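Once you scroll down, you'll see the structures, which are given as structure tokens.
Look at the two complexes coming up: chain A is in both, with chain B in one and chain C in the other.
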Partner chain A sequence: MSDYVCYTDKKRNTLISAAFLSPAMVLYLGFVILPIAMSIYYSLTKWSGAGMPEFIGLRNFQRIFKNKDYWICFGNTVQCILFSLALQLPLGLIFAYLLSRTKMFYRLFRSVYFLPAVISPTAIGTMFLIFLNGDFGPFNLMLKNLGLHSLTRNWLSDSGTVLYAVMFPMIWQYIGHYIIIFLAGVQSIPEDILESARMDGANSFQIFLKIVVPMLKHLIGVCVVLCFTGSVKAFDQAYVMTGGGPGVKSSYLAIRMYERAFTDNKLGEGTAIAITMLVFSLLFTIVFNKINRSEGLEY
Partner chain B sequence: MKTVEQYKKGVSLHPVTALKYLALTLAGFSCILPFVWVALSSVKPDREIYSNSFGLPKVWVWSNYKDAWKGAQVATSFLNSIFYSFTSVALLILVAAMASYILARVWTGKILYNFFALGIMIPIHAVIIPMLMILRRLGLVNTRLGIILAYTVAELSFSIFILVAFMKTIPREIEEAAQIDGSSRLRTFFQIILPISKPGLATIGTFAFINSWNDLLLALVITSGPKLSTLNLACFNLRGLYVQHYGLITAGLMIMMIPVIVIYIFFQEQLVKGITAGAVKS
Partner chain C sequence: MLGAACGAKTNGSSATGAGGEGAAGSSQPVTIRFAHGWSPSGDTAVGAKFVTDFAQSHKDSINLVEEVVAGDEMLTKIKVDIAGDNLPDAWMYWGSMADSGNLIKSGLLADVGEYFKESEKVNQSDYPDAMFDSFRFNGKIYGIPTESYVGFWFCNKELFEKYNLEYPTTYEELLEVSKVFNENGIVPLAMGSKAGNPAHFFFSELFCQYAGAEEKFSELTDDWKVDNENFRKVAELIADMKKNNVFPADTVANGDWGPSFALYDEGKAAMVYTMTWQLKALSPETEAKTVQINAPKMPGSTVDPAGFVSSNSTYGLVFNAKSFADPAKRKALIELGDMFTSNEWVETMFYETGTLNAKDITIDPNKVQMPILFSVIDNAKGKEKMSCHWLAYPDGEPFSYFMEKLDELFAGSMSPEEFSEGCQKALDEAKEDR
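Coming up: the complex of A and B.
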């Protein structure tokens, strides 16, 4: 505890401390902790937002899990997670490494890579809505200019491409986020380790695979969790670009939750979907951290 | 070894080095060209966006900005977004700093700290429906205060997490000296702790500004109608309103992106620090 000798009136100090803490505490309890408890209750009720929620036990969950659309959204979210993990992390790590070996234009490159991540996902979604437009979009135009006529299509209404068309902007946007995190990691590796490896004749590629990646194992683990929980929440870009359509072809769990709760006024079912998302994230985080820690590398 | 010497002298003719710069540059272009396209299109007439998609504008039309500003409540939304972002940042800084000071100095137990830090793990989606119900009960749905509180709460845990770590690095001697001089805790906090914590406050402030400026979901749920609309909502409507008027849409996008890019240019270092600290410590 505090070892303040100068404050004589202990009671007064406790009061002041409580007063300092209370605004944050009230906001946190009222808008984060209480809502979690309420979520659990709402998910067990049938409720349209007006009147009283009617308790129906686990029937919301039964209904969700029986619905094919939920599982399509679930599958889309899983794909989003997998593609994010497979693209954002390796690219982030590779470019962080390249950048850490660079002196010329270092800050310029870093600023440029991170730029998309600070822009609103709504703006990014709107941008790609234009880029991928079948008739006027510059993406098709570019393909035509490159002589790839056969590849052009209406990316956002073709049911085979629409999911990837809404997924790509999000993945592209946040690669820079991982570059920044990994950059700090790479720079924390002691220079003499890299230098001595180089003296031993290791080339940059070997140093990356044999030294950088193993030494950043913990940080990579953190990023896997960040990337996973971030992708479970995917909403904005897809919602702006297609609203999840056609049907639920490009819909994620977060969009499904929003639509059920606020468009269809099924707040109980919407909350139940939100809870499955939360459980999904927490389970992954816990299991992954267990595995990651149990085989943790000492150095 | 020749390559090592070359590295040291900064001679960059080595093919591997050239290849590295090529990769870095290509990646850089892939990050920035989409924005350049939007910027150029925002000053082109619509037909030129279709016919001269990649070139510089032959005719520069600034009227796109004027028309976008007038349409789709962009002007009102712009002012609203500025107001929401700055007010929630100010409120967040005050509330988070006061709590962090106590958590860093007085009640330093792990339980209370972990209790607040737990919120970082909870995505806003998981609590948004009950949060809306609580706001409704308090009569704060579709009010400025409601949206400001929501933005503040969304950043609270992360901010406390960053600030507690920062405040723990402030040497105790500074405060003790002030107390010996008879400064009350309230005065010590406002006149000594807050000014010293500026770098930490700048980090959380930058994050909170960008996140509230960029929010769509909370505004979508909490506000309705044009009066309280945010820029993201306006942008969302813009694309339906001006279906093929790419000149107007891109001008609207620029209006929305420029403030955040300005903030980014000035507060980049704070952002980088915040992200790094957040990732390394979690």
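Coming up: the complex of A and C.
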């Protein structure tokens, strides 16, 4: 009898859980899974947007992998990811730690650091387009006035500098985003742990390296994934500043995808590029999560 | 659905024959979705007011739903709408196979020759035939040209006088004045290339100086051939101009319409080659110092630049073929078309905003608010009107390649040979893909 009651209770709980989960599940299926499935289908078709898509198997993928411009965009995206990971996260963490130790003007500094993250990327792109203008931009003027004439460049026309010129505004803009995430993490570390470390003679640098970083390991992991996926989708600043040019010298995969789909009317091929971006992101997330599986410090 | 139901009642009647009946006999107004780029503030307010007034005066028969999308974003909007099978009933769009080709070939645009036949207010012959070129395909026309342009070359008189220079008439003279301007920190010619703008017009201006330009246009459209001696010559000239610092050093940052014209307007550049729609951005101070000259004659060219002017129409009103086939909507669309072809529209837009229309009208110089625009148009009189080289591209994909690689050519990171071969290869691949 008690087994039966237990069974019906369990069944009822399952049904209740399913009822509560189903709206979210339906939304998730409808707005995430279904579009991904449709995108996979479109990536296997030749479609200009008009009429019915024509199924062509893997030909879009063959075309994009054979095209050297795709690989230039891929290389640019990889560089963007690496620079973002190497700069945004460490700087975000360092500034968050310093900010957490700031007593005066804490709110002001916090707002100032976060401010660029809330400005439209288009506005940031336009601002840097003017700032880095090789002929009349303030940046070259500043270098000249400092006697660093040899360092001046046509930042947005020079093949050697253009990628970094469009990458920098994006990296700069979103550092504040990570400062705020890490700041919340640093502030959640119990003060008594930090206090006891100080009493044991640890200096600020040691506390940062031996206590703060290990304790934020999971948060850093989340930020790595956020930073990676954000960089894979990099688009706005580069598109505003150079349109991905000259040629494809400053183009990322997202720009390539947009241009193939909406400029060249190759929706099938554009979607195939989007699918490759999805696969790279998934592979990275799976591999990273496997590597990052070990436990962080608990408190 | 309402349109279709109402359409059955007036099937076969011409738009003008439907009398004053709202929505072809129904008391309900027919809904027309119209996408355009005139927002109610700034430069576009005059156009926006026209559309609003049209909606107001036709509210009993037409429920005009406006979809305002500025600039090139209209291209993306329409492409998304095509994919979603959600095209508006009418919209403002660019001609040429590169922009409208996919729509025309997919049967999504209505033949506006039928509009001209049915409209009682305008005839196709009111427009110079060449103005339909960018909307023409297989003998039919798919857009009512509402804007046209004339290319011109301006010089800053003050800067030329300051450095005691003559206006250049040949390529060699252009290089000489460029040397002096560069020595004095002045950009000789405000011409850059960002996503191919405005460099593609400049490329075409030079292209037309070489013999047989129009035959080469046909070769491009019909045979998908672009890599010819004229094309290579122009690519080489651009590379040479780049080497001789005729353009700003940073051609990407100073590319696109706004930034390149701003260099001239702010006195940072001594010369500019651009189109009439840019004149709205010319300040009165710079206008007072401006002198128009003919483009300098390029080495080995056989066509006198004083004898032709780059002029055409690339923008206009297009109708959704499905909507135009619906008798109820057809009447409303013809009325909308009549507004854009009316002399009232053409004159107001010209006198108040400086927008040059494709329709032939007599200009009253006293009403022109921008005297320099009148002078540019006057200067073009009697000259041969040449279309643009890039308008002859038969497909969007190789055209995008041309535009993308122009940036590299202007930036000096691609050789003229690579550019010419690449453009031809893009055409060959697109042809094969079809």
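Simple rule for what comes next: the second predicted complex is superposed on the first by the 259 of 299 C-alpha atoms of A that agree within 3 Å, B and C clash if a C-alpha of one lies under 4 Å from a C-alpha of the other, contacts with A are read in each partner's own complex, and residues count from 1 in each chain.
Just so we're on the same page, a residue touches a chain if its C-beta (ideal position, glycine included) is under 8 Å from a C-beta of that chain, and two chains touch if they have at least 3 such contacts.
Here the structure is a predicted model, which means the values were calculated and not measured.
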Quiz item: So, on chain A, is it clash or fit between chain B and chain C?
Solution: clash
Exercise. Look at A:A234 in the shared chain and tell me whether it touches chain B only, chain C only, both, or neither; answer first, second, both or neither.
Key: neither
Practice problem: May I ask you to decide whether A:W155 touches chain B, chain C, both, or neither, giving the answer as first, second, both or neither? | Solution: second
Quiz item: After lining up the shared chain so the two structures overlap, which partner does A:V212 touch, if you call chain B first and chain C second: first, second, both or neither?
Solution: neither
Quiz item: Now for A:L267: first (chain B), second (chain C), both, or neither, which partner does it touch?
Solution: both
Quiz item: A:S17 contacts which: chain B (first), chain C (second), both, neither?
Solution: first
Quiz prompt | Which superposed partner A:T242 touches (first chain B, second chain C, both, neither) | solution = second
Quiz prompt | Most chain A residues touched (candidates chain B, chain C) | solution = B
Quiz item: Does the superposition put A:V186 against chain B (first), chain C (second), both, or neither?
Solution: neither
Exercise. Return first, second, both or neither, reflecting whether A:F136 touches chain B, chain C, both chains, or no partner chain.
Key: both
Quiz item: A:L44 contacts which: chain B (first), chain C (second), both, neither?
Solution: neither
Quiz item: Which stretch of chain C would you flag for clashing with chain B, going by 93-101, 255-263 or 399-407?
Solution: 255-263
Quiz prompt | Common ground on chain A, meaning residues reached by chain C in one complex and by chain B in the other | solution = 129, 136, 261-262, 267
Exercise. Under the touch definition given earlier, write down the residues of chain A that touch chain C in their complex.
Key: 47-51, 129, 132-137, 154-159, 162, 242-249, 259, 261-267
Self-check item: For the chain C and chain A complex, residues of the former touching the latter
Solution: 75-76, 79-80, 82-83, 102-103, 106, 108, 187, 193-195, 248-254, 263, 268, 396-397, 400, 404-405, 407-408, 410-414
Quiz item: Which part of chain B faces chain A closely enough to touch in the complex?
Solution: 1, 4, 10, 12, 16, 20-21, 23-24, 27-28, 30-32, 34-35, 37-38, 49-50, 53-54, 94-96, 98-99, 101-103, 105-108, 116, 119, 121-131, 133-134, 149-150, 152-153, 156-157, 160, 176, 179-180, 185-186, 189, 210, 213-214, 216-217, 220-221, 231-232, 235-236, 238-239, 244, 246, 249-250, 253, 256-257, 260-261, 263-265, 268, 271-272, 275-276, 279-280, 282
Quiz item: So in the complex, which bits of chain A are touching chain B?
Solution: 1-2, 4, 6-7, 13, 16-17, 20-21, 23-25, 27-28, 30-32, 34-36, 38-39, 42, 95, 98-99, 101-105, 108-116, 118-123, 126-131, 136, 138, 141-142, 172, 176-177, 180-181, 184-185, 198-199, 201, 203-204, 219, 222-223, 226, 229, 232-233, 235-236, 239-240, 254, 257-258, 261-262, 267, 270-271, 274-275, 277-278, 281-282, 285
